[in-house]
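Next up: the structures, one after another.
Same chain, two partners: subunit A is paired with subunit B first, then with subunit C.
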Partner chain A sequence: MAFSRRGLMAAAGAPVLMRVADALAQGIQPRRGGILQTILTPEPPILQLGVNNQGPTLVAASKMFQSLLTFSPTLEPIPVLAKSWEVSGDGREYVFRLQDNVKFHDGTPMTADDVIFSIMRFHMELAPRARAIFQMIDSATAPDPLTVRLTLKQPFQPFLLMFEVTACCIVSKRLFDGQDFRTAPTVQRPVGTGPFRFVEWQRGNFVRLERFEEYWKPGQPYLDGIIYRIVPDSQSRRLAIETGQVQMTQANDIEPFDVPGLRQRPNLTVETKGWEYFSPLSWMEINHRVAPLGDPRVRRAMSMAIDRNFITNRLWFGVGKPATNPIASTTRFHDTAVKIAGHDVRTANQLLDAAGLRPNAQGIRATLKHIPLPYGEIWTRLSEYLRQSMRQIGIQLEMESVDAGSWARRIGNWEYETSVNFVYQYGDPTLGVERTYVSSNIQRVTFTNTGGYANPRVDELFLAARSAADATERQRAFTDAQKILVEEVPQIWLTELAFPTIHDKKLNNVITTGVGVHTSFDDVFLAG
Partner chain B sequence: MDLTRLPGFLAARLAKAAVVILAIVVCNFLLIHAAPGDPASVIAGQSGAADERFLAQLREQFGLDRPLHVQLWIYLKGVLTLDLGFSHRQQLPVWTLIQARLPATLLLTGTAFVFAIVTGVTLGALAARRVGRWADSLITVIALTFYATPLFWIGLMLVLVFSVWLEWLPSFGMSSVGVELHGMAVVLDVAQHLLLPALTLGLFYLAVYARLTRATMLEVADQDFVKTARAKGVPEGRVLRAHVLRNAMLPVITFAGIQAGQLVGGAILVETVFAWPGIGRLAFDALLARDYAVLLGVFFCTSVMVVAFNLVTDLLYAVVDPRVEAVG
Partner chain C sequence: MMDFWRRFRRNRGAVVGLCILVLVLLLSATASLLFPDSPWDMAAAPFMPPGEMGMLLGSDSLGRDVAAGIAHGARISLLVGAVSTAAALLIGVTLGAIAGYAGGIVDDALMRFTEFFQTIPSFVFAILLVAIFSPSIGSIVFAIAVVSWPPVARVVRAEVLSLRSREFVQAAEVLGKAPLAILLTDVLPNALSPIIVLSSLMVATAILTESALSFLGLGDPNLMTWGFLIGAGRSVIRIAWWMSVFPGLAIFLTVLALNLVGEGLSDALNPRLARRRA
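Entry: the complex of A and B
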């Protein structure tokens, strides 16, 4: 049994083989059976990827849906629904060969038609992120039912990164074609090709997924099912993992200040890997339209007033690391030689003097409004720390607490002075970094260049990096862009975030790729 | 009670209730739309990427691109035909969402309600009977403690003791998920999950009922008709039950009426701490997500409950105390 499984693994791809081999090396045989109880928070409105792409949706739906590829921690592609692929020499043609015998949960086979429909119609219509990239596709054809050929209008080097399940899951054409994608009945009962199929969702209570018997990897998945419990209170979530009522927590489930306590539990493992594909970078969000924030010297001084080590060590308790420049160190083309100025309050004060921002009798140079990010206690603590550090350079932050709805609206409408934000980088600066700094993306929508930073040279460099087919050429452009950005500090980068995945030691193969808890979990198993 | 006047009374009260509820609906609608942000921007803010077309598509789908008075008119027409609208965010009719959550809340608040009244009134009566003695002091101290302690803290402490230390009871949820249970096992399982949240929610009200019963009973016990009853030789137990307690019930009923009106929406905190899948959390999540239709739907149900229980309370007065007349 184990022997034949290994043979099949080899067909599925070397990295997968290595993971099972790792487990075997530790003397743990993958074991069939058991239900994984875990947590989902906050409760997603809809579990159909594409129609909804919020964080919790990605976590649960990635067990039901798959894409052509997934990515290793160093962002190398790993085959999923595509067993192999070729890229033409000019970087314009991509040919994917699909796995045989892939079935949707309704029993119908998945073919090239479904893949093309998903890319060209489904995600193109629904998902802003996919739309921006897939518009570059000139033609999409299926030479045979298990081959997809995509031809681009121009070479686009990060193209493969878009074929990850959180960006482009494969849906059934039969279930969506001819309907409004957002209101189709299948949206309430998602149907994908993943190892787990949707069974039940009692709102406010739990989502139950069950092993899909006709999954295309024989013998997998190992788990009989996954249950996502909806637990709205962070202390209750901590108790749930502590008392063993759930075996795993992920993403925002556990507040960072609860992590040290859970690290002490002998039966639990705390992992912070598995966010390399997303590489969320947090920053103090700056509105350049508000004086004196338009002055790069002021922004640089504010950046120097912040002790990033304090933030990672004392607020996040070692989860994540200090940011060094606008591109996270786990994202491609990060240049380790380009660094923002370090923590130095004295120089920061001198910079502000030089910028003509003199302190008044109370020692205050400027008063700015600040909106903490309303996503949990930790962000309030961060903003309190920022207020303290800004006070050292005579900048007074006045807190304005708002809820998530107001926050999104105010950032999107540029109705803020300073705030805190974090943004996913999706593996490549063209996909996830460029959008914050190019002037062509100054829009009244969250996660665009809401700060209003504009530098023609930076625009040029990002454009050059976007259209170049050659990686060294792109590296040059990105390095130059990083150099300018660390001087002008358009946003005050704080930390490279990571989220703790805390799980029972009996649970194996949890974090094996660069997308972490967003893999399909087809090789996750409960030992003993 | 004069039964011939009851239909007129009911008709008048129902007509008033309809006007009140309609006014509440309009006020709620305007208030909710005055909050900054809309469902589309919330979704954009949580999706990690968005563009203007995405926002425009969502706003059109949600009907937010129409003028406010048109949206209000559409909503009112719906409510008048008992159609609470559609949650575009969740792609489900509001009534379906509320219906799914209502039983959980009613079970929790109903249990807490009954527990609070029965235990509270009993303890209050006991304290009144032993006024000034150690039993009275003990009950008063306990009642005051529960009255003064925040709900969520009591909840967390109960969890700490019964779930973490003793491992007797589950700390969250309404039932065990992923195990096959049948018949009595299901009831027992839910009861186990219910115990801590119901206790948490009930303890506060228990304190109120105990204090209220004790105070009014002492007041009534001093009155002449009680002395007369005792002078007639009525046994002490009967004096307390039939003469004192019954007359002391009116303030308790008033308060119970108010609490009953909050049965639907009043348990948000407890539902959150214990991950109880009730309607309070539905409303709270809807508020954060600016899911207008769901929020209005919950408000509508809550206001209907409040109005209905006020009516029931008024009728109960007349039953308990024949001197009170049901007059519209």
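Entry: the complex of A and C
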């Protein structure tokens, strides 16, 4: 594992870490000017991070807001608003030194006060994900206006991963203090420290951002502005990028089946990188309380009936890759040596025979209900594929269509037998993997351990990895946990998802980090 | 009967329609023989154009046989059409007959009730019903029946109203026959021809409605239907035209056939009307 405390200190010591972006852009002189036209799908309700953290909000608001750090594709921290940082030997004290001359869009300077307010009050109140982690902070102090010192109650190695813009953006204390954070006037006209400032939002039409003249990096950003167009129909979005009306699409803008056609366009680049920080992993969601799903042999057999290459190649047209274990390969502590059993229908049938699940006269061993994920056509196709795969081993899936709200409610209330789900991992298994498998997180809430899997040894290993300050120790615990999980298959992992970012070749430096389109775009430029 | 058939045969379009309809019925009856495997089986590579890899009409995005889907879908589409029409007739004929025969307050009450249903756009209402009861074959048949009975009630009421004042009905009343018996044995049999014509058109509308619901993703997810095939093919129409074109043709031909047959029936059952038109 490349991430160690020593590595961290070294990164912090270097005055300015050379951005991958700078390396990529070598040979092309960045050019000032031009407006980037792109798309936002679907239209977000509000653009203030923290108040709303849905996908489209993260995409657009990350141009107006920044955090202390961002992360490389291998999840090494890169300085943003923090110029440098130090971690104490016992892993409990973090000291961040802030950049000079950082201004908010309203002209006021950003200081350590704003940073502490953002962490301890703003995100603590608004974001459940941030609250769970920031509660570990014992004290937050500002020895001087450009230094922040955070002391933790116990060492927590993935702590730095929380200082990414989608998890903890820095907001202005002056504009929020003493008000309801959700209804403060600034929420309608977001004010951050990012390279682009909010100008105009015509609902149902477009969001317009403009170059912030007092941005703290001299000479940047290169673009004069960004326009996010709201285009509700997927075929219109495809046409927009094909005809050059927009220069970039991201996230869910383009359907996977349109990707092969766009790959062939000579003026376009199709990127699937830039999701390493999120590393969404999809799986067939299993409710262990429903017989015979409590039997690990049955789950293993179901897993072996699925051809994951078919799913990635035929359904997702090569965007993403087959899952190999509960930790995505782009998340820290993924062990490449630990793999789930491959596609093997015959062995799967033998396993079910051994589990005492005999086929009846129609060749059916068990009938289970299945709720497809109501997030669009491709997920329906996936469930149809799963139904046919399960058929081969005598398990009949009966599909039941529900809308998105009912899906979340049914999963959260454990009112399902099988379904499909995908979850972000946020760079570290403690942040995004643990929650699905530890018995202490069996809750009637979506995205917890809704399946009800419980194994005391797995609980112990995740706890050990959570509290250990040392990366090698954590790796050992995570490897052991992965070994147990691929044997017991608590959820049937399917694919490591990725989303295509498609852009005009004239647009440079688009995907340079592990957060992809969620960087500030201060170094993105349109070549002549 | 021979007379009826002669008059029906005179309308050439109706004969063509009947032939198509018989073919569709044959197809749905022999679907399991022609395509013994489930239409959901992935039989070939995805997106095979028609004629390749033994796929007569090509394969879809999962490599499923479009021809098998159409054959098995015919069964569901016809079944939905027939059952929902029968259910709509049951409601419509009952209410219409009661309203027309009883008259007065009963008639008023029943007709206002019917108008209440007629004021709601029928397809939107069907979507609403299916969404509330969660999509399944039962809820779809129910929704189609609920939105399509009002015209039947209207037509039956009008027929009953005009028959009710005829001499033979009055004669039956004078003879002391019970009202229900008069309605069933004297009035309704004479109102049968418009009902038959109307129901053939209703089957066609029901098939279209079911397809439209499936197209919008509100079909029964466990059943292969024509609407589902088109809905699944729509987004990939630039890659695989055959996925939407062939099921679309199937719907088009079936609905056209039912309409032609309906017209033929109308001509055959109302000979005076037909002659006037000719």
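Operating definition for what follows: the second predicted complex is superposed on the first by the 501 of 528 C-alpha atoms of A that agree within 3 Å, B and C clash if a C-alpha of one lies under 4 Å from a C-alpha of the other, contacts with A are read in each partner's own complex, and residues count from 1 in each chain.
Just so we're on the same page, a contact is a pair of C-beta atoms (placed from the backbone, for glycine too) under 8 Å apart; a residue touches a chain by one contact, two chains touch by 3 or more.
Keep in mind it's a predicted model, so treat the numbers as computed, not measured.
After superposition on subunit A, the partners subunit B and subunit C are seen to fit next to each other with no clash. Shared-chain residue A:Glu255: touches subunit C; no touch with subunit B. In the overlay built on the shared chain, the residue A:Lys103 is in contact with neither subunit B nor subunit C. By the touch criterion defined above, A:Arg314 lies against subunit C but remains apart from subunit B after alignment on the C-alpha atoms of chain A.
Once chain A of one complex is fitted onto chain A of the other, the partner contacts of A:Pro372 are limited to subunit C, with no touch recorded for subunit B. Within the superposed three-chain model, A:Gln245 lies in touch with subunit B and out of touch with subunit C [touch as defined at top]. Touch criterion met: A:Arg229 reaches subunit B, while subunit C stays clear of it.
Contact with subunit B, but none with subunit C, is seen for A:Gly405 once the two complexes are overlaid on the shared chain.
Contacts of A:Arg444 after superposition: subunit B is touched, whereas subunit C is not reached. Of the two partner chains, subunit C is the only one that A:Arg381 touches; subunit B does not reach it. Between subunit B and subunit C, the smallest C-alpha to C-alpha distance in the superposed model amounts to 7 Å.
Applying the stated touch rule to the two superposed structures, the overlap between the subunit B and subunit C interfaces on subunit A comprises residues 235, 402-403.
The residues of subunit A lying in touch with subunit C in their complex are 234-235, 255, 257, 261, 314-315, 372, 377, 380-381, 383-385, 387-388, 391, 398-403.
Against subunit A, the residues of subunit B that register as touching in their complex are 35-39, 41-55, 61, 89-92, 97, 100-101, 104, 156, 159, 163-164, 167, 170-174, 177-178, 272-275, 277-278, 281-282, 285, 287-291.
Subunit A makes touch with subunit B in their complex at residues 35, 37, 42-43, 45-46, 52-55, 127-129, 131-132, 182-183, 187-188, 202-206, 208, 225, 227, 229-233, 235-236, 239-240, 242-243, 245, 402-412, 423-424, 435, 443-448.
Residue ranges on subunit C touching subunit A, taken from their complex, read 38, 40-42, 46, 61-63, 131, 134-135, 217-218, 221-222, 232, 235-236, 238-239.
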